[in-house]
Amino acid sequence: MIGTVVATRKDENLVGTKLMITQPLNMNLEPVGEPLIAVDTVGAGIGELVIFSKGTAARIAARKMDSPIDVSIVGIIDEMDVHDG
Amino acid sequence: MIGTVVATRKDENLVGTKLMITQPLNMNLEPVGEPLIAVDTVGAGIGELVIFSKGTAARIAARKMDSPIDVSIVGIIDEMDVHDG
Amino acid sequence: MIGTVVATRKDENLVGTKLMITQPLNMNLEPVGEPLIAVDTVGAGIGELVIFSKGTAARIAARKMDSPIDVSIVGIIDEMDVHDG
Amino acid sequence: MIGTVVATRKDENLVGTKLMITQPLNMNLEPVGEPLIAVDTVGAGIGELVIFSKGTAARIAARKMDSPIDVSIVGIIDEMDVHDG
Amino acid sequence: MIGTVVATRKDENLVGTKLMITQPLNMNLEPVGEPLIAVDTVGAGIGELVIFSKGTAARIAARKMDSPIDVSIVGIIDEMDVHDG
């Protein structure tokens, strides 16, 4: 989770959503691939590691099946236990 | 958002849509990955940073569920507040 | 659009479709990412720049919702007007 | 198509499916991106070039709409006619 | 399969799911692309090679069609038989 986005001109079904920029990370927490603009459904803050869902799952998370949402933040990571190999 | 596309031979359900080429960018606003041809639903202009949606979300945005649209521009970014780390 | 594919052993719902290999390009028209095998719905020819759709949109384009199609060519590009920056 | 997979512990809706590892290739037939585990619906053999479908198309190909299948092999390539540029 | 994730703040439809981090691998079992956070539906353990499904298939695997799940672990690989070329 790395930033916020302001967009006044947008689809009317996106009005009232909180948009955040999220950057996928690799296991060393380095950026990998393109950043995604996501609807925040869990009150995430900048600098937190988040879980996001894409596609239909993103609309389910936002409780807005008729909106053009395709990425949503669905959780905030408190702790990860990662093993190499 | 980097350009416009003219395609006279196309699926009849795409007739009347405005097609734009969009290039996904990384956090430094450098190109990453392949450009996408998107239907513009918000009146975007060349050089503007836009938000796009893929898949079913793109058809929802275009209000054309029976069309073969898989990417739509759904918002125009006015402002981003990005933090490293 | 870079080639044609012949596949005699295939899902019966693909019989009668015209399969083409398409290579996604970047803004300099260089290959980026993996080639995709697509159903041609618009009479594209080798060497033409095409627009393709993925997923459900591909089945909509092919008018074959019960077929295992996930990429279709839906338009042929006549002209692009691209701006850097 | 590069190999076979044995998985005794799996979703019960995958029991009885034949799982294969497939490696997407570029136009020079070199590996590109990550290998995918796919359900074989056409009797593909190791070393054959195959066509695969993703997402809902994969479940359509497998005739198992209620299974957690997201990649299926739907055809075997006999011949490709590829042109550069 | 490389680790576990704890997320106390999350979508209520994710409560009670076991979340794991999975890292896609290439044919040499080296990491490729971004790690994915997946719901484990088969009792996978850290260090095991797993099969995951994305999108609707992930919700089918989890038997939670109304949840915002977009990746699930659906099988554990016992054995792979891989051929080069």
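The letters A, B, C, D and E name the chains in turn, as written, and every chain counts its residues from 1.
One rule holds in what follows: a contact is a pair of C-beta atoms (placed from the backbone, for glycine too) under 8 Å apart; a residue touches a chain by one contact, two chains touch by 3 or more.
Just so we're clear, the structure is a prediction, and the values are computed from it rather than from any experiment.
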Report task. Based on which chains touch which, give the shortest step count from chain A to chain E. Result -> 1
Query - Cα-centroid distance, chain A relative to chain C, in whole angstrom - result: 30
Query raised in the report: Could you state the distance in Å from the CA-based centre of chain D to that of chain E?
Result: 19
Query raised in the report: Where in chain A do residues touch two or more other chains at once?
Result: 33, 55-56, 58
Requested in this report: Between the chains shown, work out who touches whom and classify the graph as line, ring, star, complete or other.
Outcome: ring
Report summary line: Circling from chain B by way of chain C, one passes the chains B, C, D, E, A
Report summary line: Residue set of chain A touching chain E in the complex reads 24-27, 32-33, 41-43, 51, 53-58, 60-61, 72, 74-85
Report summary line: Given the complex, residues on chain A that touch chain B span 2-11, 13-14, 19, 21, 23, 31, 33-35, 37, 46-47, 55-56, 58-59, 66-70
